[in-house]
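Per-chain numbering from 1; labels A, B, C and D assigned in written order.
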Amino acid sequence: MPQPLFTWLLIAPSLALFAVFNILPLLWLVGLSFFRYNLTFGPPPQFAGLKNYTDLMNDRFLWGRLGLTLLFVLLAVGIETVLGALLGYAFWKKRDLPGRRLALTLLFVPMVLAPVAVGTFFKIIYDPMYGVLPYYAARLLRIKPPDLLGSGNLAFPAVLAVDVWMWTPFLIMMTVAALGAVPKALLESAEVDRLTAWQRMRYVVWPHAKFVLMLGVVLRTIDAFKTFDLVSAMTAGGPGNQTQLVSLTIFREAFNDFAIGKASALSLLVLFIAVSLASIYLFVLNYGVLREGK
Amino acid sequence: MIGRRRIASALASLGLWAVCAAFFMPVFWIFLAAFKTRAQILTIPPIWVFHPSLEGLRFMVERQAGAFWQYLLNSVMISALAVTIAVFVAYLAAFSLSRFKPAATDFMMFLLLSIRMVPGAAVVLPLFMMYRSLGWIGSRWAIVLFYAMFSLPFSLWILKGFLDGVSRRFDEAAMVDGASRFHVMFRVVLPQVKPGVVAALIFNMIFVWNEFLFDFILGGERVATIPVALAAGLYTSQGTDWQYIASLTLVYTAPLMVAIFFVQRHLLLGMTFGTVRGEV
Amino acid sequence: MLELKGLTRRFGARAALEAVNLAIAEPRFNVVFGGPGSGKSLLLRLIAGLERPDEGAVWLHGSDVTSTAPQARRLAYVPQSFALYPHLKVFENIAHPLRLAGSPAAEIKQAVARVASTLQISSVLGHYPDQISGGQRQRVAIARGLVRQADIYLLDDPLAGLDYKIREALLDELRDLQERLKALFVYATSNPLETLALADYVHVLVDGRIVDAGPPEQLSGAPKALWTRLNLGYPLTNSLASRLTSADGRLLCENDLFAVCMEEACTAAVDADRVFATFRPEDVRAVPPNEIGERLIDFQAEVGFVEDIGGERILHLATPAGEVLAIHGLDIQIAPPKTRETFRLRPSDVLVYNSVGCFTGRGASAPRRAALDA
Amino acid sequence: MRRPTTALNRTAFVVLASLAALGTLYLGARRAFAQNNAQPVTLTILGISGWTPSELAGKMAPEFQDYAKQTGGLSVRIKFEGAPFSALEQKAATSLAAHSKEYDIIISDSQWLGALSTPGWIVKLNDIIQREPLLKRAEGSFNTITRWAYQTYPYGSDNLWGLPQEGDVLALYVRNDLARDAKNQAAFKDKYGWKLPTSFEEWEQVTWPKFEQIMGFFNRPDQGLYGFAGEYSKTYDFISDHVMSMMWMWGGEIWDSNAHQVYGILNSPQNNAALEYYIALLKYQPPGANTFDINGVIQSLTQGKAFSGLTWAAVGPAILTPEMKDKIIVVPPPGRIVNGKMVRIYCVGGQPWVVNKFIDRQHMRAALEFLKWWYLPETQMRFARLGGNPVAQYVLDRPGFEQIQPWYREYRYMLVTERARDFWHNPTYASLLEVQQEAWTAYATGVVNSAKVANDYAACGQQKILYDAGFARQAPPSSCEEVRLR
């Protein structure tokens, strides 16, 4: 078998899966986004040109939702990254932690739970009447048990907190893995060279750790952008619109309203934003690699 | 001096264990609820010590007229098949991209990553339309293949990272020794990227095992998995069924926990995307 | 049995190998000698089929295998990096080619045991590659390359980096092995001593071209290429920038240290002002000041640093033309450092190469002092 | 390949364990489905999981198999599938949109009739009902609100798309043990000068202002007891049912169903007052009540946290647990005096059966047989005894019906045209609902501080939806541009 044929033969199954289950639906999505089409009423699909898109542009609430989603992503990923990096560093540093394997297993469990279950169960954990959390918070701080999900001001942070709880372990894991990528010999020689802690971080640890760490951040950003099950189960986007992330909006447009055309246009807009975000990240990553001359 | 250092070390251990415990606490609370009665779950002040009841677990199994077993079987089969297919297919592609570096390799890597960026609610719709016209709604294989596709990018990224780290000299030495291409791929190179394979398997398993939306919309009763059962069973005529949620969470999280415990080293190593060989 | 016809491989605009032709008809120990980056590894990889040439062809046993996959070429190969499979124990690593060939288990065991004992790694057969020392790993790699019965063995600098003692021992082993197997060994190295110790025949590769070929004696005697002259041997050959002039109808090679009359047959240089007079350090003799030799080249130099290389000494001589090396046995008395002394060369030991590195001619006699003075 | 024996053992162990696990699973699954041997016609019903009347139907449905065999010689196998309330519509609508034959009969929510019938997914039942005496008899026995709520689209028209599976009304669950307590009685009388009601008849006279006194009286946070629990959750239609009920009682309307006009009607002053009033009730409720769904009300009552709770009659079995059965009575929710007359208007709940249009004749026949069976007096009675809410008047009117379940008296009392009302059956109902759920929960949780803004937001949003969809003639006014929730 000639080499090029073999090369592509190996890639073919992946591309085939990709084409059938991703490209095809996406093309379909693009097509639908130009149609005025509602499943449950109205005429059969009608070509509407860019109408769905102009509608989106004029939808003054949509931008609020996108803003909220970006805020959510920014805060969630930001907090998770900082916490994850710090704790990850601590766990990496302390490799002789007694029972480290068990400790890390316990630590990693939150991210393997089903978001539906987590969202639902946190409703009761947060409940001001039956919830453990408000109960102990009240006892500790000598306040009234806070109503976390039922308050316009607290619902967003409360949802954010659950996301942080679920996904900080992921970034801890990535940090531990990333730091593992730093050659030990380099670290030792840095010790001998008497570099300050900051210098050691900047010149020894970071160049090796950043790829994995950034990849963790990229993956988390992508996933945070898509957060759906968790919020849908916990607040259904409420109270009011306080946790109405854009993925909930898409789902609503598509599967409550069956506004297929509009939902498609919105999906593509969101996809475009997600791809741009990821591209920026990857660009930064690559740029970093180029600059370090690797 | 040594005494002080030892105390500091003990304190650090204690602190880290406290962190782990804190993160595990909500999970523990859910697990605990699986052994509580409904009233105990709702009791405030919270009950920590009690006589465990197996009522919740028993009810979970009996509740959907035995369908629980089918949900579990579906979950196991669908996720195992999907992840295996994904990792296998991704390995082939990663091998090709890593070894033969065809044109547009970087572009393809990014393209495949973009699968992950698509919001679920966005693709489920056209996918649903597509499945509908192909008559795939409720088909096991259609669900498995979809999940396989969804698990592709991450597997590919991990595996390519690892494959890039395995010197081509191995391939070459084996080839001159007379090894076929497939021998090189599966007997010479594959064993060397085991951490990547394990990490890809586990990581995608977590996703597929927990996925709800696609199975719910594209599947039917026949392919319903535990998360779908969970969503369908959240409410009973008695109100929200906390026992059921807790029991189900316990039962289907446990295998993943065990897996994480036993393959932790591989998982951590895997998450380095092949940038490190050795201990993490 | 091995023939390369006009083999060319380019990387971008640079030709890493250019129009390499060689033909080896009988089993022998054939060394490809070249500096780092000269393309010798690439040459072996082309023979093995791991790379495809841009032009030219590889023939094995009388058939064109240029587009044949490496698996089908039935060669044995010891790669430059050891490429030991980390997931297999040493035994399995060595046995791997035999397993692939489907040899019976008993035979494999025997073959591995034999090659392992030859290479003195029998004790580590049960270990994983990361549990043994670097030298052992290297020998395992060699063992894996040699365990299989093949007509052609390709060895890519297998002894690089090994310590002296093991190396000495392995050199002998390799030679013996080749004689026993009666196979063609194509052995790439940048080490002149290995080359001289092992080779039945040497190909010298410089910048992707074969500049010299021949038995080692011939090459160490009067190589065609300056590069060979300079590098094949230890310590390195002295080379002095010189010019060719005509005197009395004869060519004279002059430099800041000496002048020498060239042989009759000497060809004219491309650029008469830029030629290189070369002579081996071992041909430089210290002479007592009173002993004046006619027809020999004498020069004064200050003895600088003296290097003891076990059994012999290398003298670094400071001369008007730059540093010159001489090598002396321990038995010869030399003056203490920083003293001036007279050294002597036989004219016929001086080989002259032109500006493009081709052999131009050999010295014949020292000019008369008078002629020189004039 | 040579590997250490321990590794071999470990590998073998893992493989064997996996095989054993799979085998167990397989056997378990097989046993669970062993009784399901193939039959000629399988009738698949999609219902609401976790909803008593739906689950009762699922539980009773197999009884139809024997009936069908005896009467029509029809060999039918019943399969019941459930989806949660919040996801049932997605499940049903996507399946129907796919023209799938997966579900033969679907328990739909009453408001979906427009959305399911407009694309032509469900069977129009007028002719069939006329043809089948049994169904005709049942149909004849439904009262107007039953017919409108569970059968018609457009609401109030003669197009019949569904048949009522269960009827449902809002009911007030009251802790009568506390009300009857002599100390409470005396203290209440002292404080407010009238008798704390303890019976159905007494509660029938209670208006919202009076009820507020009762709620206030029992609101004792220090004892862990609160006066009331209502629904305020954003999920599905939880807050809407209650708020709309208040609006109707306050003299408002939610829209003009002919002109499809919302703006100016939903955000009328009396509706603003009604919304304000309902949200203000939170002060008598347990912490967290502003996100209560049905479950919140159930838990408040069953855990003894609330004196009273307003929720569906259908969840009676969940509230009247063995511990609470004797303590709680079910009474009509408070009314309002309008022009000297007591007025009670509350949202109806309940669900219709609808029939998939894409099924073949054989399945259609079985489906019809099933529906006929459902309206047999025996079936309806059995449904009642198990705790469902039947709707055929010939069952409701049977002597002794009100004694079958504790809430049946209230149920019968409320399921009449002047006391019960349903909201839009329009195909855009999901969007309409979403907007007002958003607006009203925003107000309930303090995201916006004015009922007017919340109602304006809902009205503007709904007007736009109806206008964009081509139903409404009027676009939302330009003032809508300024309306937003925080």
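In this text, a contact is a pair of C-beta atoms (placed from the backbone, for glycine too) under 8 Å apart; a residue touches a chain by one contact, two chains touch by 3 or more.
Source: prediction; values computed, not measured.
Asker: Name, by label, each chain that touches both members of the pair chain A and chain D.
Answerer: B
Asker: What chain pair shows the greatest number of contacts?
Answerer: Result of the pairwise contact count: A-B comes out on top.
Asker: Taking each chain's centre as the mean of its C-alpha atoms, give the chain farthest from chain C.
Answerer: D
Asker: When the C-alpha atoms of chain A and chain B are each averaged to a single point, how far apart are the two points in Å?
Answerer: Inter-chain centre distance comes to 16 Å.
Asker: Please tell me the distance, in whole Å, between the geometric centres of chain B and chain D computed from their C-alpha atoms.
Answerer: Inter-chain centre distance comes to 37 Å.
Asker: Would you mind pulling out the distance in Å between where the CA atoms of chain C average out and where those of chain D do?
Answerer: Averaging C-alpha atoms per chain gives centres 92 Å apart.
Asker: Using the average of all C-alpha atoms in each chain as its centre, how far is it in Å between chain B and chain C?
Answerer: Each chain's C-alpha centroid was found; their separation is 57 Å.
Asker: Please set out, as single numbers or ranges, the residues of chain C touching at least two other chains.
Answerer: In chain C, the residues touching two or more other chains are 88.
Asker: Give me the residues of chain B that touch two or more other chains.
Answerer: Each of 42, 217, 231, 234, 240 in chain B touches at least two other chains.
Asker: I need the residues of chain A touching at least two other chains; which ones are they?
Answerer: 129-130, 255 - these are the residues of chain A that touch more than one other chain.
Asker: Where on chain B does chain D make contact in their complex?
Answerer: Its residues touching chain D are 39, 42, 65-70, 72-73, 76, 128, 131-132, 137-138, 216-217, 220-221, 231-241.
Asker: Which residues, counting only chain D, touch chain A once they are in their complex?
Answerer: 86, 89-90, 93-94, 97, 114-116, 118-119, 232-235, 286-291, 299-300, 303, 305, 427-428, 430-431, 434, 437-439, 441-448, 469-470, 481, 484-486
Asker: Taking the complex as given, what residues does chain A use to touch chain B?
Answerer: Within the complex, chain A contacts chain B at residues 3-4, 6-8, 10-11, 13-15, 17-18, 20-22, 24-26, 28-29, 32, 87, 90-91, 94, 96-99, 101-117, 120-125, 129-132, 135-136, 165, 168-169, 173-174, 176-181, 208, 211-212, 215-216, 219, 222-223, 225-226, 228-229, 246-248, 250-251, 254-255, 260, 263-264, 266-268, 270-271, 274-275, 277-279, 282.
Asker: Within the complex, which stretch of chain B touches chain A?
Answerer: Listed in rising order, the residues of chain B that touch chain A are 9, 12-13, 15-17, 19-21, 23-24, 26-27, 29-30, 33, 41-46, 89-90, 92-93, 95-97, 100, 102, 108, 110-127, 129-130, 145-146, 148-150, 152, 154, 156-157, 181, 206, 209-210, 212-213, 217, 226-227, 230-231, 234, 240, 242, 245-246, 248-249, 252-253, 256-257, 260-261, 264, 267-273, 275-276, 278-280.
Asker: Quick one: in the complex, what on chain B touches chain C?
Answerer: 167, 169-170, 172-180, 183, 188, 191-192, 194
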